[in-house]
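What follows is a pair of complexes built around chain A, which joins chain B in one and chain C in the other.
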Partner chain A sequence: MRAFRAILAREFLGYFRTPLAYVFLAVFNAFAVSLAFFVGSFYESGIANLDRFFIYHPWLWAFLAPAAGARLWAEERRQGTLELLLTWPVTVWQAALGKFMAAWLFLATALAMSLPMVLTVSWLGKPDLGTIACGYLGSLLCGGACLGIAAVCSALTRSQVIAFVTGFLACFILVIIGYGVLDNLLSGVLPAQYVSNVARIGLWRNLEPFTLGILGIQPLTYFISVALAGLGLSTLMIERR
Partner chain B sequence: MALIEAKNLSKSYGTIRAVSNISLSVERGEVIGFLGPNGAGKSTTMKLLAGYLQPDQGSARIAGFDVSESPVEAKSKLGYSPEGAPAYGEMTVKEFLHFAATLRGLKDAATRVHETLALCRLSDVAGQTVDTLSKGYRMRVGFAQAIIHDPEVLILDEPTDGLDPNQKHEVRRILAGMAERKAVIVSTHLLEEVEALCTRVILISRGEIRCDETPKSLLARFPGKRMDEIFRHLTT
Partner chain C sequence: MNRVQTLLAVFAVIAAAFFANLIADRMATRLDLTEDGIFSLSAGSRHIASTVGEPVTIELFTSHGDTRLSPYLEAYSRRAEGLLRSFADASNGAIRLRITDPQPDTEDESRAQRQGLAGTRVANGAAYLGLTAQQADSIRSIPFLDPRRERFLEYDIAQLIASVTRLSKPRLAFISTLPLSSDLPQGQEPGPGDVLMAELSRSFECVTVSNTATELPKDTVVVAMIHPHHLNPKLAFAVDQFLLRGGPVLVAIDPLSRYQKFQQGNMPLVMVPASAMGAASDPALLRSWGVEAPVDTMVGDAAHSLQMPSSRGEALNYPLAVALDNSNLAPDHPVTSNLRMLNILDAGSVRLVSPAPAGLTFLPLVTFRGPGVGTLPVSLANAGPFEKVAAQFRPDGQERTFAAIISGSFKTAFPEGAPRDANDKGAVPISLKVSEKPGRLIVMADSDFILDYYSIRRSTAYGQQVYEPLNDNQAFFIGALETLAGSEDLVGVRAKGAALRPFDRVMALQRQAQATYQTEIDRNEKKLSELAEKIAELSRTSGGDLSKGIVLTPELEREAQRFTEEQAAVRRTLRDIRRAAREEVDSLGRNLAWINLLAAPLLVGLGGLIYALLRRRRQA
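Entry: the complex of A and B
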């Protein structure tokens, strides 16, 4: 527990030692809000809810979770500190969990900075705060799933750039699955029921119920499994280095 | 009981056999000079002893704990500085040592950090980030994290590499001051370091031990030859 806490604190504060953290927080919020306003017609819709805000989050996480997760293992490898960390009396799992939770906490910080959106919508109308809370939970879990993928990509290489690009590509595939364009494309080659099954493994299809205030077992399981699988796989890769 | 014990350690990278059937044993009070040409398997052996790599065959024990079976116990008795003395570049020296002390579960972490900073003459740069340090200071930071918990076993991979003569002298002085309470393995290319510091020489070439004896008896075996001549003779 002590080792886990120390690693969590070091990794989380580590983000703020470089300009990356501030760029990340600014980009996330600038895009999250402007996509909702300018692309999602949040204001013109005249409805006091945030589903038009959350709808773009898979895109943001697909880009930004790999950016935050790229350093997890790649940077340890590049600096040679992996050899140090793993010859200190900590287990690989303590280190991995501390790192992963620190990165997730950092994504949560970015998400928390969008809370003025809640104030705005509450000032404009009477939104269902339960639905909004559910949307935030969904978005956070979606970010965790992308981070799981990013952790695996980071464990594969000593280059943060490669970790970021491969992580982004993997997340990007999960984002476009379930969007109309890909569905239409797949309908040409696959029977209809397969197309809808394929859509189920996409990020958006699993986030959608959350934004409508529905806490479903299936999407909850989906996000948590992807995050845990990524965490587990990346840890095994470091353990079997 | 030997504080460091290796039995028939072997390790291959793909088809390359880096370490072949190495056995050694180090008692308290001994300082082993680990010699050998580049690529001989020195660093691999040290990584195996420190538990960073898993051996293909054989086993290693640190202070009685098997490195593979009880890694956390073994590592808590060990201070290890890998080649090049890596450290988290974005942390200050003090933060880094404090992190190392916390992960090792030291109760009096702040005091130990303070004492270690003083012992390694790092107090002046305690507030600087590791990235901004000169090589001499960096090597000392690597050394400092290895001794912060006053371990029984010290394994140092080229701790004086790239240091100027004064800095080398300084590291040797600190090591000599604590050597009698510990079992130490130091890898080096500096043959004068072996004569000045080490109680025993283990010479390794192509993954195998070529000699394991005191510097004196090694010199006596080749009358009239200097250490570097003996080194060449045994490794080529």
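Entry: the complex of A and C
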């Protein structure tokens, strides 16, 4: 446990040693706010909730999670510090979990910075805070799932850039599936019931119930299982080396 | 770990994730984290959902594609979908939910249209937000989910499911001296209770019975008597025996029917048949059952009064028009527990006769209480303008019941047996003298309050005629009948909290801007119409049509030119005023966007600075 905590702290603080992290945090929130206000018509809709804010989060995570996750393993492998890390008195699993949780915590930090949106909507009307809290939980889990995918991509390569690009592409596919963009394309090839099943693995389809204030076991399992599977697979790959 | 082991492990991880999702998919467990529990079904809905029997398919038509709903309707669509899932979850698989996006000119769209769904007009076609429920061959629909009925969404869905699964609706004998009927001729002026009857016929098979009829329809399940007077004795006897056999009865008795008073005012007296006359109901039948509902006094409440216009047109607090709220409604009865407000004008009261008959229990549903309560004789209330009546009202603070449910063993109003006329021959048939089964009777001491005028606002939204409840008057009346008919499930499902909450602050700003600029807008619009009038006048005097350029003299032409220029200037001013009125709201939106945009970089910068400082101190 102590080893896990040490790695968690080392990795988490590690993010803030590079200026890139601050840029990411700022970019994430600038995009989140701009999309909600200027694309999602958050203000014009006149509804006191954060639907119009959360609806773009899968896009943001698809971008930010691979960015934060690319350095998980690829960097260590490039610099040859992986072997060094593995000489610590920790198991690979502890190290992997620590690194993963640190990255997730970094995503959570980015998300927490959108608190002004909550203040704004509470100032404008009387929003349902239970629903908003549930939406944040869903968004955080969605980010975790993207991070799981990014971890696998990072474990496969030595290059951070390749890890980022492949991670982004994989997440991007899950994003557009959820918006039903592929529905029309697939409906020519697959029977209707399969098309609707394909849409169910999309990120937005699983995030949506959270934004309504519903904590369902099915979307919860989806996000957690993707995150855990990503963590497990990446660790297996590192262990194999 | 060798290669094979790793491959196996990878496979195991993927398989585990896959099966976890497969299992979770079968589990319908959900937690409702909303403040008002808007996705948690009430016991009534759960019971309806779990007892549908044959599978029911619910199809939600909602447009997301090329023709899409407005953001507001889209939000409402998602809210409806969430609630529908709750119904499906509660049904153990008996209710299947299908979400359809009816693209233009597709089979989906024509199916939606066949089932009576009406599209709302959007930029490039029609967008749909409607619902159908199908069980075997029977299919029902809600053509348009109106966000203004959000509080009733659960009720509407429960009702839709109940109606599609019920083989036949319970038969309601509707005895009324008001022109209330579910089959009034189409296309005429709206009747006083069209919306009421339409709502009623969703739950009941309504059979309208005239007060001159001699018997109740066969297989009647519930009887409603609205403003009864001049009842045919044989009909009164039939109702009496129905009650004594355990059949439920609702009576709306009225000391002064505003509707009939108004109708009679418009008709020469000779043309009104005696049986249709009567501003006051006849309380005799009720009295012989043991229930006193005096029709010579009215009850009011100065503390809950509504405003009425005085004869000089000023607003006046009129104690006989009241808005009854939670403090007046029985909190623990299913009929009243979900209601919020009743608006009642010229109400009477109801109580048991004294001494109270043995075997009857009297349970008040709606009660006048508080220091402002008092009574006024009908003769006084009926006489003068509102300000005179209001001046004569003296509160005495005594509690009085407006509506009550009376149950137990009733005694017949016809101890001599069935009433007979000259044509009746043979022995008097045997009739019940006391209840053979415990009876249930609901009495309400007004009849006007259920009419559409007092309870519904009609309007047009998204190209559709919609009506929204002004108050819970009709909900109370229909809920009472549903309880009596035994569909208590539906009674438990009434009003709910709303998920679509507005930006209060923006609305206040809009109202304020409206108030500030309204006089200016009015003034300019008046000027505009005056100018238009002047131009028309000029064109008349010039003997031709100005727009065709037939102007006689250069002076007139200059004059016309001047007016037209002035008109354009006023139009510009009006446009500027409207823009200024909008400006404050728009600029708030812009400012909020900027604040939010800058907040994150500022927070990041600040955080980074603190972190750097801390590190430097530690290193130093």
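Note that in this section the second predicted complex is superposed on the first by the 240 of 241 C-alpha atoms of A that agree within 3 Å, B and C clash if a C-alpha of one lies under 4 Å from a C-alpha of the other, contacts with A are read in each partner's own complex, and residues count from 1 in each chain.
Criterion: contacts are C-beta pairs under 8 Å (C-beta built on N, C-alpha and C of every residue); 3 or more make two chains touch, one makes a residue touch a chain.
This one's a predicted model, so the numbers in the text were calculated from it and none came from an experiment.
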Requested in this report: Determine, for the superposed arrangement built on chain A, whether chain B and chain C clash or fit.
Outcome: fit
Requested in this report: Check whether A:Arg10 is in contact with chain B, with chain C, with both or with neither, and answer first, second, both or neither.
Outcome: first
Query raised in the report: To the nearest 10 degrees, what angle do the lines from the C-alpha centre of chain A to those of chain B and chain C enclose?
Result: 160
Report task. Mind working out whether A:Gln79 is in touch with chain B, chain C, both or neither, as first, second, both or neither? Result -> first
Query raised in the report: With both structures placed on chain A, which of the two partners, chain B or chain C, ends up touching more residues of chain A?
Result: C
Requested in this report: Applying the touch criterion given at the start, work out whether A:Val90 contacts chain B, chain C, both or neither, answering first, second, both or neither.
Outcome: first
Query raised in the report: Who does A:Thr18 touch here: chain B (first), chain C (second), both, or neither?
Result: first
Report task. With the two complexes superposed on chain A, say which partner A:Arg2 touches: chain B (first), chain C (second), both, or neither. Result -> first
Query raised in the report: With the two structures placed on a shared chain A, what shortest C-alpha distance in Å links chain B and chain C?
Result: 7
**Report entry** Footprint overlap on chain A, comparing chain B with chain C
**Finding:** none
Query raised in the report: For the complex, which residues does chain A have touching chain B?
Result: 2-3, 6-7, 10, 14, 17-18, 79-81, 83-84, 86-91
Query - For the chain C and chain A complex, residues of the former touching the latter - result: 1, 3, 6, 9-10, 13-14, 16-17, 20-21, 23-25, 27-36, 38-39, 64, 71-72, 75, 78-79, 82, 85, 101, 499-507, 589, 592-593, 595-597, 599-601, 603-605, 608, 611
Query raised in the report: Along chain A, where are the residues that touch chain C in the complex?
Result: 16, 22, 25-26, 28-30, 33-34, 37-38, 40-41, 43-49, 51-52, 113-114, 116-117, 120, 123-131, 133-134, 180, 208-209, 212-218, 220-222, 225-226, 228-229, 232-233, 236, 239-240
Query raised in the report: Across the complex, what residues on chain B touch chain A?
Result: 47, 50-52, 71-73, 75-76, 78, 80, 82, 84, 86-91, 99-100, 102-105, 145
